[in-house]
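These are the structures in question, set out in turn.
After this come two complexes, each holding subunit A, first together with subunit B and then together with subunit C.
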Partner chain A sequence: MADPKSPGYVSSAMRVFDLSVSEMLWSRRTIFMALVVGAPVLISMFLRLLDALGAPVFRVNGMQMAGPAIFGLMIWVFYLRFTIPVLGVFYGTSLIADEVEDKTITYLFTRPIPKGAVLLGKYLAYMACTVFVVLPSVVIVYLCIVPMRGSLGGSFIDLVKDLFLLAIGLAVYGAVFAVIGARFKRPLLVGLIFIFGWEQMALAFPGYLKKFTVAYYLQALVPHAMPNDTVVSLIQGIFHENPSLPEALFWLSAILLSFLWFAAVSVERKEYVLEQ
Partner chain B sequence: MTTRTRYFMAVSAGIVVVGLGSGLVAYYGGGFPSLSASRSGPTELSYVPADSAVVAFANVREVMDSELRQRLKAVLPQERGQQEFQEQTGIDIEHDIDYVVAAMTTPGAGGLQQNPNGLVVARGRFNTTQLETLARDHGGVVEEYKGKRLVKGPAGNDGNTNHSVALAFLEPGLVAIGSEIAIKSSIDAQLSAHSISANNDIMELIADIDAGNNAWAVGRFDAIASQAHLPAEVASKIPAIKTFAIMTHIDGGISGRLRAETRDDQSAENLRQVVQGLLALGRMQNDPKATALVNSLQLSGSGRTVALSFAVPSEVLEMIPGIKKDGLQHLPEVLPKELHERK
Partner chain C sequence: MDAAAIPAPIVAAEHVSKWYGQVIGLNDVSVVVPPGVTGLLGPNGAGKSTFMKLITGQLKPSKGTITVLGEPIWRNPKIYFHVGFCPEQDAFYERMTGLEWVRALVRLNGLTDKEADEAAQRALAAVDLMEAAGKKIGAYSKGMRQRVKMAQALVHDPKLLILDEPLSGMDPIGRRKTIRLIREWGRAGKSIIVSSHILHEIESMTSNILLINNGRILAEGDVHHIRDLIDTHPHTVYVRAQDPRRIAREFLDNPEDDVRSMRFEPGAVVVETGKPDAFYARVTRMAASGEFGTIDEVTSPDDNLQAVFQYLVK
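Take a look at the complex of A and B:
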């Protein structure tokens, strides 16, 4: 039974969140995040500049692409297939692993707060860091690209859906990799194998294997057409099938809650041995 | 949380709010007209009656100037009909027509045979004197209708001119072609401001057309399905489609999107499955041309919306016999003898 004077689970998590968010945001890892998220922004600004100068930047195979189509392509290629899973794996796996590596986990665990609340607070800090960096980047790309032979109003609903699904993607991937970070010895390697190995392979095969990936449910929420830009994505496109919206939302919520709970339980029960 | 972090989050949230606010204003107000030319459609929509079930637009100038058209022109035999049309009317379809807006009103119980309400409004450069003379030479009569000159074709066997083709000079450089009923409805729609612009359902579909497309059509699917005279067995199998929108951009290749909105989620799911099945069937073909075409199709959409995007690049079109990038005639060896002799 907890000490009556110790803070509750949620307030403990919020204290850890307050402590961690600045540390996480201004860490060296943020430079990587800035590069990942800044690339599409720079590319969109560059495309806009070229278009303003009259260069045929929107001509692909003799056809002129409209801004909304390019925006959809960038959401798929830059954000959904790369930024979201990669940020999830880099930040999610480090929630506990960094404290173990820095040998500072002892200071957190000796506080009179539940160990699970430490993970929850750090998870919320991860969400704040990534959401406040990724979503503005998407909005800037939208404002730069969509008005080129398209209308801001016509793509507004798509933007709202994109922001929503990217936030969900960060939340779900973060929860999955929080478990990996809490339980595995080399979480980053396991996480990279999961997103660039397992998920890509499962989506390329017909059958039910794809149901054991996050991307399968996340892709069902995307309002843009899936691009066939690589051989893998071409194969994925052939076997592409979308679960219904309620089904996708249900499974994403289930994955998020169950993995977050599992990560918190893992941290509560696991004995972390600090290497000397 | 440090002050620096608070500032960072405030700036980030500000960017998101500004972006969403701009999008919201544009969405509800049809704002930023300089950036969204497609929002309200062409001004000639004011001549399209409000009860039109289908509205279409084609930028004839862009299509005629497109790389694809130039290559087809080089391949196809001399278009004699087009030349005769120009000699008689003075209209060079290649150069004198900028764009056309077409519409079809609900035909009613009698169907199109009894109530032909097709209407075409064309913007371009027309020789009105030559057109009137031509009409008179063929037994047509010229009259005024609410301040517009109306050239009517000869009456039918029943003495009724309502069903014959008529032509009206709506404005300088703007003509309407259709049945007399349709043209009078068009003039009434513009004068009474009761045009398709007042029809929110159709205007929402038009507003969703991407600005880059040079041909599009939107409308109620039931208006088309009822005229298709499909067998009852086939008609009963078609998912309940409410509205449709087809948009395409023709340049070096052809790209576009076909979007349908069904009455409910289940119908949309059924339609997606039907299209997915057809695409899968297409991918099984050994023909590289068919495979390339099928690979350009992308099925998407959620809820009640089903969208099929296509992008046929110039390279794929070059696989079609007779079309070459250099525009030279290149008919296949297997053509019938008569066609080879025409080369």
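Take a look at the complex of A and C:
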């Protein structure tokens, strides 16, 4: 039986991406993403307004924090510790699960493309949706906050580094949670336990456990000082040690590729029984 | 017949079982589906959908093997160049238009944008949906949604179309159109497996059927062969006559007719018999003798496909 030419793996993934990206962007999760990403934007606008009105914004021990320091704090608190892992868990675990729940997965799995390419296409759609929402919000926060006793030009390199590390964070967390989504029955719960349980605990202990987290390597890319704003972060600060930049990039790339591959293989082999 | 002349089966299942945990979906099914239009009949929960999912490669058999167009289907995506599937579920990307959706799906078959657009338009025209091609699927009626599902199944011109309850939820006119389409596709040389739990729907499309119940294939083949099978099952025969009670007495006096139950209706007696051939012969003799008054009508619901189904799934 002569088969027509199959689209290649990446080409198949790109076609799934085309099909999925607008659906993903207009899904219910986008409202959640808008809330998560909109909060720091609104806060930064509010801070800027207070500053313009002459209110003492972020005065510590009589010293007023400069805009770049506040921006660094927001990158840590809002984005690195919350937005990136949370978006990763909510989107990453649902790459295939949403299609299964909506019962539209049948249309994708009865086409002449590998199931793994469907996952890859959905993953790329997740990246597009999150990167193009999160990164602009960071830029808005930067534009609002940094000019308060700081200069936009002077902190620009840090902004580029921040955007880069947040995009990497979305990519790596997305891949990790894609595996969890493909392998576990309650992926959202497992994902939340991973980011708010395992990662927090592992980072707070001395030793090698922290090497089994994504946050350990991501933190090495952050150009701002780590804040000690909570007890957990204070403890984490005590045992804080960063891998070198090349080591962090190597391990983040390794985690990304291996987990994405593992997720694709899991989807290839899994049966999806739709609820009747 | 020369073995070489026997057409290769489009679907072959050998001792296929499928369990969902402790629940059995399909139980040791061995069946060969020939080319042409084949109806898969069974009540809800009979195992039709499991069978459909197995032959479309969505599920892996717990036991046994399935081949479609001569090749294993599980984890063999290339086979979908030749297979089109219209699922039962009413699920869509609601924000897309019918044309966008069908085009996006056929692009997954490797078509260029232009080819995909042309193929999508052809498929939508084939299901009489071109007028609504630019409307969002979310705004489609139930019948239109069924038709756009069929369009995505046939858009790549597959050799085998697998349609899971395609008439479900359609209005009578839509039903008639769809039945006509399926018959046309069959005449055009496509092989089609169509499932339904309503026999007269299938009857209007094909005489080649598979009867399924409780996860087992009860019968397969031409409806007339299946008709022979029902002779082993009790038949219900309606006899309208001048004196139904006298006729009833005669039936009861002849145990060789294997009358199992009897009830009276106005001007008629309805008899359930285990030996329909002998029973029909006796009624014919009684009518010919004239001793029992006139016998105006002898009918049996067994003569239509619905009764075949009811008997076999009991």
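One rule holds in what follows: the second predicted complex is superposed on the first by the 271 of 276 C-alpha atoms of A that agree within 3 Å, B and C clash if a C-alpha of one lies under 4 Å from a C-alpha of the other, contacts with A are read in each partner's own complex, and residues count from 1 in each chain.
Keep in mind that, in the parts below, contacts are C-beta pairs under 8 Å (C-beta built on N, C-alpha and C of every residue); 3 or more make two chains touch, one makes a residue touch a chain.
Computed from a predicted model, the values in this text were never measured in an experiment.
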Checklist entry - Should the superposition on subunit A be reported as showing a clash between subunit B and subunit C, or a fit? => result fit
Checklist entry - With the two structures laid over each other on chain A, which partner does A:159 touch: subunit B (first), subunit C (second), both, or neither? => result first
Checklist entry - Looking at the overlay, does A:245 come into contact with subunit B only (first), subunit C only (second), both, or neither? => result first
Checklist entry - So which one touches more of the residues on subunit A, subunit B or subunit C? => result B
Checklist entry - Which partner does A:109 contact after superposing on A: first (subunit B), second (subunit C), both, neither? => result second
Next on the checklist: If we overlay the two complexes on their shared chain A, which of subunit B and subunit C does A:193 touch? Say first, second, both or neither.
Outcome noted: neither
Checklist entry - With the C-alpha centre of subunit A at the apex, what angle separates the C-alpha centres of subunit B and subunit C, reported to the nearest 10°? => result 170
Checklist entry - Touch check for A:22: first (subunit B), second (subunit C), both, or neither? => result both
Next on the checklist: With both complexes superposed on chain A, which partner does A:7 reach: first (subunit B), second (subunit C), both or neither?
Outcome noted: second
Checklist entry - Rounded to the nearest angstrom, what is the minimum C-alpha distance from subunit B to subunit C in the superposition? => result 8
Next on the checklist: Just to be sure I follow: which residues of subunit A are touched by subunit B in one complex and then by subunit C in the other one?
Outcome noted: 18, 22, 26
Item to check | Residue numbers on subunit C that touch subunit A, as the complex places them | outcome: 20, 49, 56-60, 69-71, 75, 77-83, 85, 87, 89, 91-93, 95-96, 104-105, 107-110, 152
Item to check | Of subunit A, residues touching subunit B in the complex | outcome: 18, 21-22, 25-26, 59-69, 128, 132-133, 135-136, 139-140, 142-143, 147, 149-157, 159-160, 163, 220-226, 228, 234, 237-238, 241-242, 244-245
Checklist outcome for this item: So, in the complex, the side of subunit A touching subunit C is made of residues 1, 3-7, 11-12, 15-16, 18-19, 22-23, 26, 102-104, 106-115, 268-269, 271-274, 276
Checklist entry - For subunit B, which residues count as touching subunit A in their complex? => result 1-2, 4-5, 8-9, 11-13, 15-16, 18-20, 22-32, 35-39, 67, 207-208, 210-213, 249, 251-255, 265, 269, 272, 276, 280, 283, 295, 298-300, 302-303, 307, 309, 311, 313-315
